[in-house]
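Take a look at the following structure, please.
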Amino acid sequence: MKNFDIKLLEGLEKSKYIVGAAVALLVISLPFFGASQYLLRVATNIGIYAILALSLNLITGYAGQVSLGHAAFMAIGAYAFIVFTTKYPIGFFPAMGVGILFSALAGLILGAPTLRLSGAYFVIATTGFSELVKVIALNWKSVTNGATGIRNIIRPTVFGIELTNANGGQYWFMLFWLAVSIYICYAIKYSKFGRALFAIRDDDLAAKMAGINTSLTKVTAFVFSAALAGVAGVLYATMTRYVEPNTFTMDISTIILCIVIFGGMGSMVGMLISTFLLIAFPEALRALAMYRFIIYGLILIIMVRFRQQGLISGVSKLPYKLPKGVYIDRG
Amino acid sequence: MFLQQIINGISIGLIYALVSVGYSLIFGVLRMMNMAYASILTVGAHFCLSLVQAKFGFFPAIIVALVLTGLVSVFFDVSMLAPLRKKTGSDSVTVLITAIGFNYILLNLCLVIWGSERKPFQNVFDFGSLQVGSVIFDSSQIVIMATALVILAALTWVIYGSKIGLGMRAVQQNTKAANLAGVNTKVVITFSFFISGITACIAGFLIASYYQLIYPTMGVALGGKAFAAAVLGGIGVLHGSVIGGLIVGILECVAVYFFGGGVRDAVAYIILILVLLLVPSGLFGKSENTKV
Amino acid sequence: MKKALSLVLALAIALSLVACTSTGTTTTTTSEDQTTATTEQATETQNLDPIVLGCSGPLTGNNAQFGENALNGIMVAIEEINADGGLLGGRMLEVRSYDDKGTGEEGASVAELLISDEDVCAVPSAAYGSSVGLVEAPLFQEAGLVAISNSASHPDFSATGDCIYRNNLTEAGELQYAYQMPQVVGAKKLGIVSMMSEFGESFTAGFEALQEQYGDKVGFEIACVSWFTDGTVDFAPNIAELINAGCDTIIFFAEYNNFASFAIQYRKLDPNAQFIGLMTCYTPDLVNLGGDSVEGVYLYSCLNPNSTNPEVQKFVAAYKAKYDGAEPDFVAANAYDSVKIIAAAIEQAGSADREAIREAIKTAHVVCTAGDLSFDANGDAVKSVVMFKIENGQFIEVEGAFKLWDEFVASLS
Amino acid sequence: MLNVTNLNTFYGNIHAIKDINLEVKQGEIVTIVGSNGAGKTTTLMSICGVLRKARGSKIEFLGEDITDLSPCEIVKRGISVSPEGREIFPGLSVSDNLKLGAFTRTNAAEISDSYERVYALFPRLKEREKQNAGTLSGGEQQMLAIGRAIMSKPKLLLLDEPSMGLAPNLVKMIFKLIKEINGQGVTIMLVEQNASMALKIANRGYILETGRVKFCDSAEVLRTNNEVKKAYLGGK
């Protein structure tokens, strides 16, 4: 009997991989199933948000800081990428690299001074930063083209084929980057650096006592997170092919936060499922699109109150803990 | 022209001040950033709109709107925040996320119920304008300044002069001791949310009738700037909020004078970030109150 | 309990997903009126497929009014055509309309939705304005789906390709009228107030370029250019700038809703200045919002509801009857015309295929509210405008105000 | 006056108070002594309504069941507490702190009488009336905490560790004052770690050990009990 149990467990363990592989195969071959252009676009969009959610998860789920300014890093990545493709003909991929680099740099610049702020103050600082980036994009006309925005952003060309939405290229391009992001997040999670992050999330002071350079660790996480957001920004720009200051709004940041909280901070599979549900649902139910943010709002409130560990606690073995901040009630 | 911009700055600043005291009021009692305040303000203004249109008298309509908005604010606390306070392990970020969630719900309910377009709102205090030298005072500006000052004075009295205000301050200082001293903390918190709702409704009404315009996103930009003002003045400190509001308003108009209209919206957020980095407790805040 | 709650939440979303992805892209928001219009004729045309048109526009957000009016214009046209027995021997028209919220992201999404919906044969109303329109245009072009914008004015819009048409004034065309306005109303010192948007920036630049060229011949100078950002309600700093510059006439480059608040605040400080608005200000909502403050405002529109043109009379009457006496604006009229010209193209091609419409529309023409409407080689319609002044809350035509551009230039020297 | 029967209190899963029975009679000073973690403060907090009691617990005050009342209701009925660690309001002035003690009272004349009484007991507080309470010394803060408790004109005063962290001469003074307050007709329940001092001024005492009442007798008997001496009075 006991043996049987173990076998069953092993079977389950194996079937997990089989299911995973099957899902991956299905996802990769989506364009072959005659998925319409629209469906591919929605799928690409889901992928981009998944990257963003993984990115925010790095600082919220792992390091315990909540940021509401992630759209700003997207914007910086996208704008830097676009400016380099239009002003300096260095090609798509180097320009993408530049975009990511700029995002990472912005993460460093914002992260170094603000990460010592805790809890709510950090949220506010990131919100302010996000608004500021928008205003700069609007006013720095020589670079960003102001409110007019930038159109016809170049798309990547691989082996002489331009990757468009119609030929599924954009979708696969996104999948590639999603895979890279997942890999990076896994690598971080199981590295010494990742353990340091978890330690900080659980108890900042204790982590410090254990000899972890907490501020350096947090800033590094923030830089990684910003860089991933930059990747998403570039993907977004190549997909929509039009960027203006109002493209990257607070709404995007809120949706990302919503995904992370819905999916359960720290859980990567949860993140992917939650992205799928939250991004696909307003597309599927266009008639309910008006109520979209009402539902997002409810999700935030309900999850925080009843299910802080996220949607699928079975998968996430790491119950998340919100960071300690300004206390509310001593009673 | 510079002087005119300063005057404009003062009147815009007082509007910010009116909104930012709302943030301070709740922060003062609960140490909580009430991110839903801006949309409570919007809801309040829309209540005024609908009730005035219902034509059962202007003043009764406004009073009903005030009470309703107060109740919305109380509902927020009782249904969403109070359970969080009871729950162990909840902290400022949990509360903040809840507030952000409620903010989105209210804002989008407004959109669904009242529609997204801008609607006209009656101006109740337009008596022409007054020119002093090269500076023109608009009567609505003067009325809004006066009303703002009266409301701020009233709030100051409530908090520093009345018994329930004493209770509010006690709850802020030490909830447990207040409880033991016989202060009914639930009542105090509910009362705080109620008057913060009323303040929001008054602010919403004043702003809507000042601009003769009402729409669901009216609170979004305003809320952000007023919040920056509150942080600048030291959130939780009433007079700090007022002065913070004035500084943000004046700097905004001065920035337009020097750099043109495009930079205007940046001013408040630059201030916000600088304050958070340099003096997190704000100009008048006590650092013991704000554990950053 | 907690688990149950979140499970229910997740399940609800998942279910709704399954329910709707299976039907894919056919979640449509067809209007009720239109369904009844179709069923009336259903008895005789039961076995004929409807002809489906697509529509993308802001139904929520700041410009919701324009999206709604465009849809209204389409509905009026469809009803009229269906009442006459439909197209291609009795096929009824139908519209699938989606809300693009006035944002590029949603606009692109809606465009792909329309493209992927194989029933949709043409799009008589693409997004409101150029900035969203320009995001959608390349997508429609790539898919070979004919799309007409009733409001985009950016030169690049119709240049996207042979599927993209503009049933509106081009920016250059509109500038020719806008530039005449200060001259007509006798401005001396003109103040420009412009929104920091795609339209505002390029229109201001175009206006300034004209001033550069003709500034010494016209009777006005540009005394001040004042900018504001989208979402601004407080214009005090702008007004201080304008008054300080001594402007006697203000021209406003943005939509009616911004203009109304600007006018209210400006009038309090200076009741005498003249105001000039653009076509996007020509809507009864301007008067609703602005009240007395917009009294005496000059503006223009390519729809003149008082015109003796019987097509216009028919449209305005039908529109008012359908929408409780509401006045149509230029977007509604343009959208109405766009349906008409697509209908003409379908009849001409004898087919409602995308490809057939794409070919036929190049040569199609139709008599409608804009007179004899057809598209030139660029894909632009030729439009003329009429000037109005607001008196007692009514738009009163100012007759003979505008000259043809060449005549205007000639009259200057 | 106060009857506590079968009191059980839990902190989560921890059973902190087990079947405690207490009685306080009019005019008495009753003391609860015990070592750290014996459940003294928990008992007090249970009585004054801050902690929720397990089913079956019953607290009666002047014949009325107050088991499930909220703290402010209990204060209204005439029980007030000077909590452990003083728990003053550091940002409020001394007089505001005292005013909060009288929060449940409405008669202005009686309240000003109470002010007089507190200032008579603690002239120090009168001198520092306008100062922020946070600036007071430890002893003064303790006086303020007791003063605030008296401001509600209690019939029963609960004092939690009034001697904690004070210098010996101040401790003596505080105990003298407690006696004096009792002399003015206020019944007192005193929770103390300093058992010898407490038993000196008390009429009766309860000795708690790990959440249970170990001994209960008159103070005199307890003082002479060998076991008590050994464990709590540091004697032989």
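A, B, C and D label the chains in the order they appear, each numbered from 1.
Heads up, the rule we're going with is that a contact is a pair of C-beta atoms (placed from the backbone, for glycine too) under 8 Å apart; a residue touches a chain by one contact, two chains touch by 3 or more.
Note that the coordinates shown come from a computational prediction; the quantities given were computed from them, not determined experimentally.
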item	value
Reaching subunit B from subunit A through chains that touch each other, fewest steps	1
Chain pair with the higher count of C-beta pairs in contact (B-D, B-C)	B-C
Chain with minimal offset from the mean of all protein Cα atoms	B
Most distant chain from subunit B, judged by the mean position of its C-alpha atoms	D
Mean-CA-position distance for subunit D and subunit A (Å)	55
For subunit B paired with subunit C, centre-to-centre distance based on mean C-alpha positions, whole Å	37
Chain centre separation in whole Å, for subunit D relative to subunit C (CA means)	77
CA centroid of subunit B to CA centroid of subunit D, Å	42
Sites on subunit A at which at least two other chains make contact	138, 290, 298-299, 331
Sites on subunit C at which at least two other chains make contact	60, 196, 229
Multi-chain contact sites of subunit D, meaning residues that touch two or more partners	50
Full enumeration of touching chain pairs	A-B, A-C, B-C, B-D
Subunit C - residues contacting subunit B, complex	60-62, 64-65, 196, 226-229, 231-234, 236-238, 240-241, 243-244, 257, 260-261, 264-265, 268-269, 285, 288-291
Complex contact set, residues of subunit C against subunit A	1-3, 5-6, 9-10, 13-14, 16-17, 19-21, 24-25, 27, 29, 60, 98-99, 103-105, 108-109, 112-113, 115-117, 131, 134-135, 138-139, 142-143, 156, 195-198, 200-202, 229-230
Subunit B residues within the subunit C interface of the complex	1, 4-5, 8, 11-12, 111, 115-120, 123, 126, 128-129, 136, 138-140, 211-213, 217-218, 220-221, 252-253, 256-257, 260-262, 264-265
Contact set on subunit D toward subunit B in their complex	48, 50, 70-72, 75-76, 80-81, 83, 87-92, 96, 99-101, 103-104, 148, 152
Footprint of subunit C on subunit A - complex, ascending	36-39, 41-42, 45, 138, 146-149, 151-152, 164-166, 239-242, 244, 246-247, 277-278, 280-281, 283-290, 298-299, 302-303, 306-307, 311
